[in-house]
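The following pair of complexes shares a single chain, chain A, combined with chain B in the former and chain C in the latter.
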Partner chain A sequence: MTVDYVNNPNQRTPCVLVLDASYSMSSRTKSGKTRIEHLNEGLHALEDALKSDPIALTRVQISIVIVGGPNSQAELLMDWTDANHFTAFDLKPAGNTPLAEGLQLGLELAEEGKNTILSNGVSLTRPWMIVISDGDPTSSASAWKEATLATREAETNNKVEIFPIAVEGASIEKMNQISHKPCAQLSGMKFKELFVWISDSMSKYAQSRPGDNITLPNTDPWRDVGL
Partner chain B sequence: MLSTKWDYSISSVVGSSHVDRGQGKQDNSNLLEDDNGNISFCISDGAGSSKNSEVSSKIVTNFINQEFLKIPDLINSKGKGPWINDFIIQVVIDLRAKLFDTFKNYDLRDYHCTLVAGLVFEKTAIVVHVGDGFILAGKNEEVANKNIFNKSLYFSKPENGEYKNETYFITEPIWLKHLRIQVLPDIDWLIAGSDGGEDILSFGEKLQDNEVLKFLDDAAKQKSLKEKNDYIFQVLNSDVANSRTKDDKSLCLLFSENIDKQKKLNWAPEEKLIKDFYPVPKPIQNPIPRTSIVRPQVNTYQRPLAPTQEYNDPNEFISEYGVFSILLMIIKRMYFGSLEKVSFYIEWVIHQIIKFKIYSAIIALLVFLFLFLLIKFLFSNDQINLNDSVNFNDPVNLSDPVKEIDVKDKNMILTPEVITNSDVIEESVNNGASVNELITDAIENDITNDTKNEDTSLDKDVTNGEKVTTGNDNET
Partner chain C sequence: MKFCTKCGQGSAPTMMLCASCGNREFSDTQNVNQKNSPHIKPHHTAPKRVGSSSSSYISSGDPAGHVPRFFAYIIDIIIVTIFCAIVGAILGFLSPTSFSNQSSTELISSSISIVIVTLYFALLHSGSKGATFGKQICNIQLVNENGIIPFWLAVVRAILPTILSIGFVVVLGLLISPLFIAFDGKGDFNVIILVLFSIIFLIVMFSPYWIIFTNDHRKSMIDMICKTRVVKK
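Showing the complex of A and B:
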């Protein structure tokens, strides 16, 4: 069982990770590792960080959508999973970058996750959607326009909080269209730091009280992040 | 003097997260008792994002308590009636006016705070609530040697927004929409708290019957007012409390003195319980169809990865898999490697095209190429006349007119002299040889003759002792 509301009726902070697993992620970096290897290390760091934080462990819920991959499409790779049941796994890069379809799927998942949590009599904070991509989306222009309109509208209507993160080489212009917030740029391949930051931020957000102004953890380890 | 006297205790404690952030206590709680034993209590939770909520929540608790204690006298003179609602609304309006006046500002977003308040007189409570926090009250029934504490329960629930970390404040312009006033008749005990206080008695954001009963039971054992206050302070500061919330926490407890505290406190399961106030979770009736979410058939992420064995000795690896399998592995890896590389470059090119928007340039280039090929095809002037009028397989008739033919880019005049120069040719003609054969022979003869002539001329030059010059004379 990946989600357990009976033994853990704590409030939840759902988070959809929309990850780029297109073939371009297999390009090697200066460190000699491929980008996807860095990303996979990041996922493992996320698991460790979540499991070392007692609040995050009981409150954070994760699902993963990949863009690209063996089927070269946007697909649900990991359904909603409580942080204590989350086990990191490795992604394999292949295919194109249909990011627009990935965003739409992410929005649907966030909405669905929220309804499921509420129908189980558990309260929640606003769902998060973290989008990480390293290239230009290969979605059609119309699909991209539709998807970015939907994400910005969802943000305006408090449906979801979106954090677009551009890996080196990504089109900043396109990534900036996803959210009202400017996209953060990942310097180097600091996926590990990124995912630890995500865990810390979600933990902070998960325990936020009404009227709280959340100050997300400092992004000093990777200064380029302008969150 | 009232017939019912009340024991009371109230306390607020700063949350550990506020200590970490260097913030003060934003929860404020206050309780006033008048000479007649009427009690007014108020808890106000200042919002973390509002920088002056610490101050505003203090003003709120003091003001509300003083104003609410005017109600019993008014009831005595006017009698009970709907005017009490209007009076309470007027108190809040006056409170907001005081805040505007104090902070010299009509925008109170820096002073946001919630309101959990009430007036207790005789056995009745009038409770007023805006935002989160809670008020829980009940009637006691003495049966034989025990107190049934949940004979009737009243609960003013916290009101959150769409999400748990959103609520409503008395300092917001829309406060009236979220103001809840309840009259709780005939009660013997009452607990009120901020959201932090609620967390202490909750599991999964829901107040728990057993936790509340334990809290009441332990509090009832404390005899003096000081002991009761100490007990609440101790509960708020306990490790359990700190593990459940990092927020400020406040609790207020009122006991009717009519309760015989020597008797054991009980919670009758057949009576209404706290959990009955919460909606029963039920699946969504009409879920929105989500066609695009395809659930993966196999949860690969759940499947533990097969342990990979490491081979230190190549021979061990070979004996494990066999040479043929290893060869296949290598071929497979090479094949897929190159295929992936090709697909990567194709993708890269497509990316570049999309990135630089050079669709039009590529189309123009293709059109130009097409036109170029078309023109070249239409105006090409290849002249091959060899087959035009001579049938090379026919026997040669020497009296035919002279033909000019193009053989290997050499224009050669076929004259009867050239052809008949050789006896062999003549013989061949007589034997019925074709033009092809004749031409080949003639050319070969010519070439051998030319070479012979050149060789002899070269010999001549050398033997005459003259300088052999090639190219430009000026060089020598």
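Showing the complex of A and C:
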């Protein structure tokens, strides 16, 4: 069983990762590795970080949507999984960047995950949706407009907390349309640092109670602050 | 742990599709291509769940912009022109009297130019970088849905613009020639028709490329025929 509410009735923090696995992620960086190799290392670092944190281990739930990838579409790659059952995997880059469809799917998943948790009598914090992309979306203009309206509306209605993260070369203008928060830019290829931050932040957030003021860990280790 | 029936990759139970090949069928045992085996049935198939309006277009990468493509083209033209000039000069220097007349010299020179241009584009497009020098400088590359294109396809793609352009111009010539015959010897009319013909000639000559402005994926007519794309690196 990958989601266990009977033996683990702790409050949950669901997190949808919307990951760009389009062909552009195959480009090599200065380190000699491709972007997707860095992202894969980040996913393994996320697994290690989640499993070494007793709070995150019992409270965080993850699901993953890929955008692009072998089937060149936005699709559910990993269904809701408790952190203790999360096993990292290696993505292979291919296809376009239908990010609008990925955002819509992410919103559906967040809502569905929330409803499942509540129907099992378990409390939860607001779901997170972390969007990581390195390219211009290839979705149609109307699909993009519709998706970004939906994400902003979901954020306004406190349905989901969205974190758009742009890998170098991404269209910041487009990524900024996803959330009311400005898009964060990844410095270099610091995916490992980013995923460790995600784990630490979710761990902290998972301990919160309604009305708590949360200060998330410092983003300096991975964020490009434009210096 | 479950295993992809197509590539044998191991996946966690919650994986809806194989991260490696995108297949949705899994088995409890590591048997590749189980679908082809009469004895082993796939254990289960993950339900398909995709974005509501996902693109039906199946190919690779984010499309390269018009400006980088234009500059890459100009750089490549300059490089192949220099190549052709050098090769032509060497040939002329080595055997200035071996060609019987001017027309045979031009024929051989044109043939060599076509070979050089074809080889330049074909070898570099099918090489490890999938890009000509112009494309490399502009940080773009040519791919198909499997990544770097094979040599034979690169050759076809290199020759096709010339064939298409010549074909279009011949058809245009056949359509316009009656006008020349009708207005033969009528002074200004001939000049106007000549100017019009030149403009239409240029439009038609480059028609395999105009189409990149008309579709979201910025594919030229050549790309559509060869199922290739020019993408950002």
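Assume the second predicted complex is superposed on the first by the 223 of 227 C-alpha atoms of A that agree within 3 Å, B and C clash if a C-alpha of one lies under 4 Å from a C-alpha of the other, contacts with A are read in each partner's own complex, and residues count from 1 in each chain.
As a convention for this text, a residue touches a chain if its C-beta (ideal position, glycine included) is under 8 Å from a C-beta of that chain, and two chains touch if they have at least 3 such contacts.
The model shown is predicted, which means the values in this text are computed figures rather than measured ones.
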Please determine, from the superposition on chain A, whether chain B and chain C clash or fit. clash
Report for A:136: first if it touches chain B alone, second if chain C alone, otherwise both or neither. both
Return first, second, both or neither, reflecting whether A:208 touches chain B, chain C, both chains, or no partner chain. first
Which partner chains sit in contact with A:47 here, chain B, chain C, both or neither? Use first/second/both/neither. neither
With the two complexes superposed on chain A, say which partner A:120 touches: chain B (first), chain C (second), both, or neither. first
Using the touch definition from the top, say if A:11 reaches chain B (first), chain C (second), both or neither. first
Taking the superposition on A as described, I'd like to know which of chain B and chain C A:2 touches: first, second, both or neither. both
Contacts of A:87 with chain B and chain C, given as first, second, both or neither: both
If we overlay the two complexes on their shared chain A, which of chain B and chain C does A:75 touch? Say first, second, both or neither. both
Contacts of A:23 with chain B and chain C, given as first, second, both or neither: both
By the touch definition above, which chain A residues appear in both interfaces, chain B in one complex and chain C in the other? 2, 22-24, 26, 75-79, 87, 89, 94, 96, 101, 104-105, 135-136, 138
Taking the complex as given, what residues does chain A use to touch chain C? 2, 22-24, 26-27, 66, 69-81, 85-87, 89-92, 94-98, 100-102, 104-105, 135-136, 138-140, 143, 169
Any idea which chain C residues touch chain A in the complex? 11-22, 48-55, 57-63, 143, 145, 147, 216-217, 231-233
Which residues, counting only chain A, touch chain B once they are in their complex? 2, 5, 8-11, 22-24, 26, 64, 75-79, 87, 89, 94, 96, 101, 104-105, 108-109, 111-112, 115-116, 119-126, 135-136, 138, 158, 171, 205, 207-213
Residue positions on chain B within touch of chain A in the complex are 17, 47-50, 53, 112, 114, 131-132, 160-167, 169, 195-196, 203-206, 246-247, 278-284, 287-288, 290, 292-296, 299-302, 305, 340, 343-344, 347-348, 350-351, 354-355
